[in-house]
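Below: a set of structures, written as structure tokens.
One chain, chain A, appears in both complexes that follow, with chain B as partner in the first and chain C in the second.
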Partner chain A sequence: MSFSGLIKQNALISSQLSRGIQTSAILASVQSGRYKITPKRDRPLTYEMANPPHYIAHRKGWNSWNTSNLRGELRTAQCITEDAFIRKFMTGTWHSLVLSEVIIKRQFNHIRIAALIKQGISSRKMYFLIGYTEELLSYWLQCPVTLELQTITDPKDVIFKYI
Partner chain B sequence: MQHLRRSVSSISYLNRSSLSRCTRFFATSTELEEKVEIPNYIQRSPTTILRALSQTVGFDPTAAHYKYHDDPYLIPLSNVGKRSFALAMESGRKSAKFIRQQHSNLFQHREADPPIEAFLPTKMYTIDSQVEISDLTTSIEHSHVSDAILVYALLKKNNVELTNDVKQSLLELLCFYNCEEPLEEDMIEERWFRQNQRLKERNRKTWKDNDTAEQLYYEIEPKTPQTYACIIRGMCKYYQVEKAYAIFQDCLANNIKLDVDCFNSILNVVRFIKESADLRWSVMLDLLKTMKEKGVSPNLGTLNACLNSISEMGSKNAKDYAIQIMTEFKNIGIEPSLASYYHILHTFCKDRGPVSHVLVDILNEIEGKEFEMRDIKDTMFFVTAMDVCRNHLYDLNLAKRVDAFLHFGENYNLIGDSYKESIYYRNYFTLLVQAEPFDKFMADYYHILVPHVYIPEPSVMEEILKAVEVTGAIDNIPLLWSHMICFEQISRDNLLALIVRIMLQNKPDLTIKTQENLKETFSHIAWDIWSKIEEKNELRSKPVVWTGKLLGDILRIICTSEDIDRASVIMEKLLNDQQKILGESDYIAMEDYVQLCITKKQPSKAIQCLQYCTEIGFNESKNLAKTICKGFTLDENHTRRVVRYAGESVIQEIEKEMQEESAAKNVTQ
Partner chain C sequence: MLKKINLNSLIPLAQRTCFRNYSQEPAAVETVHDDDFRVLNLRKTKGTQQQLSRRPKPPDVPPPRYKQMAVDQDWGAVWPGPKTFHPASVPLPVRQGWVPLNKTVPGKFANAELMKIPNFLHLTPPVIAKQCEALKQFCTPFPKGLETEEQQEKHFPVQFISSDYVHGLPTIRNPLSRIVTIKLKLSQLKLDEHARDKFLRLIGERYNEETDEITIVTDRCPLKQQNFDYAMYLLTALYHESRTVEEWESSKQEGDMEYYNWHNNQSKVTSTEVLNWGLPGDSKVEPPQEYISCVENLMNEGENEYNINKYKESVVKMLGLA
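Moving on, here comes the complex of A and B:
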């Protein structure tokens, strides 16, 4: 192989290495983000669940709002793992109360977390959990964290359809 | 901020002038001598833009305070709610902090560069820790009092030699906090909602004798003037006055140079040094003279300390003294703070003293000025001023001026804490509702401030209801009732009796549009009172005791809307729970009920009422029996029951009357 060929190949490899998720091959798009129909048609779906991923930015928004996936941005991997951690933390701390996806928005060093919450516990306990979640997550992520919750009286209100 | 506004206006001015210049240029080219004036550069802080932006956002009376979550379920509706929600959130924060400290090994990662200290767990010390001098200095820096004491003890145990500087800064920390761990700085809500303990314990010695602070003071050798000053100020702050005064006099005798704050703290506690007012005044004068001799120039703290001691002197001449001091300090150019005015108010407006209009003069002086915190008692001014307006002068216009002054600029920062704020508004509201026309009060104040800024306490609610009673503005009753439910005031007997009385005595006028549906609404409210209290009584261990009068009044209101089902429920309560009900109902309620039974054709219910009347022993129960007999065509069964409750004689009387009537009819025919 000629010298210039080698350089070309190296360039190809390095461009592959720095490629982001959004430019990688679509392998599992047939399955991911879609729900199977049940025989009895009794699986409840929220509006977000009812719309498959290709409707993102058309009928529904993203679950994580940040710029770390853009070319040249920092902390791509950390951002994804942190978001996964935040989602786990939210659904675990607000146990069986989170009725929607957990939306995570990052602006500068500020993380805002939004979710729909069932009115399953008294408002005072909710305030305790708000304070606890905000504080502990900010210790973990070492930046200001704000919760932006909406409460839902009846959990059935969020169900868009059954499949 | 004013700078910014000024510069903006000057820009527009420039544009205007240049425009006019242009036109003039085309008109006559000779007048070109006008110069462009470039304004001077104005120094701006990094937050200027933010402040400018924040000024564009006004006050929104429909929104809860921003510390609460903007969601109907999470917005507090009562004083208890406001307090518990905010404190619950802070308690969550505290738990998170606890977890971080418990598992501090898990929180050692550093995301930011340089690391942000506030997110990292603090170092924890035990009796076995290996400590260095740097540990002590950091503890002192972060005001961790108990840590500092522990580290200091450990260092001493290990015979580590400390420099006098470190010892001095530790002594300062201990004296400032009286060897107690202070409330952490970021616990904003706890500070806002806690009752200020220190002001409550104003006359009590809380200094810890022979604790670490004093031991440390004896250890420091050689002692510097700062060391003496530090211990004197600490002891004065926590009212260990005897020792402090002794050390102070030693210092004076040994010609040790004390600073002005040291004199201030002694001046502040003069009332503990001497007994009578005259002696105290002479001590104060002596102290001030000593300051002059020693070349210590006084400051605002001196002024406030003098005024404070004068206000608590209890002397007849206190007012003269206060004026003397004020003029003296004015002459040397010391601007008084709000605390000075608070002490003046305290001196001049005594509960049992003559009426003094000093507040008017004070407001003339300070109105339109922006104040910031310069003395710890600055926060006492607004609550005291409003108290004077209501209880001392009873002057609405003055109260409005005080309120305008409070909302001027950033002055609201000096309201103090939630307790002072609520007393301030309690006085303001009571004065408003008594002196202002009721409609204006509701439109301009109630609808705007309630419930997000202020929630009326039961006593204020009572005043409002009384105003409704006097003015007859009954269309406000539904709103007030729903607010009473929200504010958790429905178990107050006096409020319930009042609202029921208002509904009973003011018949809705059907010709007025706002009162068209009021009859129905009143009946609903009456039923609401009944059901809410019954519901509560089932849950509570200490139930609200029904009075017969209240039940009778509720019954009457329900009767006006001709709701026989609900009315009979209350009648049954009256009949069945007679032992638990205090007193008896009015007879007129019984009459109304029987009339309702007659229109609804319910003889057995009417007879039930008759039973109640005879059991209570109303004199008028015979008349009631007559009404029943005339109103219904009774069958045998019913007649027998009427006879049982009212006696045989009633029937005979009725028959007699009827015969007479028919006879009279025959005669006329």
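Moving on, here comes the complex of A and C:
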């Protein structure tokens, strides 16, 4: 087989395999994203936690908004890895301050990161951290990054119910 | 040595003492400013424990912005571009979330669902009107004489179709945008009978008989412009190729014909003979066009009830037997 033929065949195989790999056990799909009821009914849940994954697009929205998670679109793997990295970086940088999931929205090459943040630090530190996060992420991801945060005085505001 | 001196001279006196406190004099009292980030001190000794005597006071947060907004404010100035929803700047009592019956829907504060969904608060009707007004100076009037579709088809016969893709990704390229489609009515090309026949043979299944349209799709070049140029080249080449008559085309026999042509066949000789039988020499009667097309249809499309009936009618009419 010629070199170009080999490349074509490889591309064909990879495009067929791209959606077929499942890395977690089937059993985990029953458990993931669901919380057990405690005997005293005192486990706090946010709205996001209160609705298990099968309610996405019915009762709650997605946490990542981009076009690469549509069928046949480009940069699927890169986008997922970048999003996972952004989430890690956000929760690490805003340590014990992020009260919700980190919402990542992409418009063209612009990344908007939204989250609920506790008002646990002074506004001066907060402005520093916003600039720090935007600057570092835009350097690593090579595209403009905007942090659109909402601060919350009382962390109990995000609690939707107790189970 | 030089470096050390420089450093020392750069640090102001107050900070220098503070630095010494950390490293050498652990017993000294430190003042911890709430505004500063904590410093990671790996060589921590007992006395350097930062004393947080009082609980941090709650941050001084001003009341939400929407409470100070005027009723007749310019909303476009408050929300100029696309942005994630922020409850303090939107003066609307919105709520979102699913709750069981007889429970209250979560409000706009501390509601992550409202931050997820895309909003169009930057595209309110007055803002769109203002933007349209600003764009008007760049618009030109619609060209005269191109109002109807017939006129457009007459002056711009070639239709050029391609797709552009917009992503929510840091890329502006999509390999699918290279594909170019060209559509053209065959009647727009000036072809004689021979050229038309040859053109259709060359273009094959790209011709749609029902709409009289030819469609050329090109996707072998990496760029849209290249594919467009290639499609136009193909069209030009097809047109000129179909107009040329090769030497060997004149040596075509009746057995090589792909379809039945009445003018080359025995039917013409016989029917002319029958019509001219017994007539004086000079005046020759030609069979009518209706008869010719009936015979051609019968031979080309095959024998069916309709064609045979038409043939019968035309023969009866031609011979005057009705």
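Everything below uses one rule, namely that the second predicted complex is superposed on the first by the 136 of 163 C-alpha atoms of A that agree within 3 Å, B and C clash if a C-alpha of one lies under 4 Å from a C-alpha of the other, contacts with A are read in each partner's own complex, and residues count from 1 in each chain.
Please note the rule applied: a contact is a pair of C-beta atoms (placed from the backbone, for glycine too) under 8 Å apart; a residue touches a chain by one contact, two chains touch by 3 or more.
What you see is a predicted model; the values in this text were computed from it and never measured.
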Output check: A:Ile86 vs chain B and chain C. Expected answer is one of first, second, both, neither. What do you get?
neither
With the two complexes superposed on chain A, say which partner A:Leu97 touches: chain B (first), chain C (second), both, or neither.
neither
Tell me which partner A:Glu134 touches in the superposition: chain B (first), chain C (second), both or neither.
first
Partner touching more residues of chain A, chain B vs chain C, is chain C
Thinking of the overlay built on chain A, is A:Lys125 touched by chain B (first), by chain C (second), by both, or by neither?
both
Tell me which partner A:Glu48 touches in the superposition: chain B (first), chain C (second), both or neither.
second
With the two structures laid over each other on chain A, which partner does A:Thr151 touch: chain B (first), chain C (second), both, or neither?
both
Taking the superposition as given, does A:Gln142 touch the first partner, chain B, the second, chain C, both, or neither?
both
Touch test for A:Ala114: chain B only (first), chain C only (second), both, or neither?
second
Touching both chain B and chain C, residues of chain A
119, 123-125, 141-143, 150-151, 153
Can you tell me which positions in chain B touch chain A when the two form their complex?
69, 71-74, 76, 81, 84-86, 88-93, 95-97, 99-100, 107, 109-112, 115-116, 119
Sort out for me which residues of chain A touch chain C in the complex.
46-48, 51, 55, 58-63, 65-68, 73-75, 79, 99-101, 103, 105-109, 112, 114-116, 119-125, 141-143, 148, 150-153, 157-158, 160
Would you pull the chain A residues touching chain B in the complex into a rising list?
119, 123-136, 138-143, 147, 149-151, 153
Which part of chain C faces chain A closely enough to touch in the complex?
34-35, 37, 56, 58-59, 61, 82-84, 86-88, 97-98, 106, 109-113, 115-118, 166-172, 174
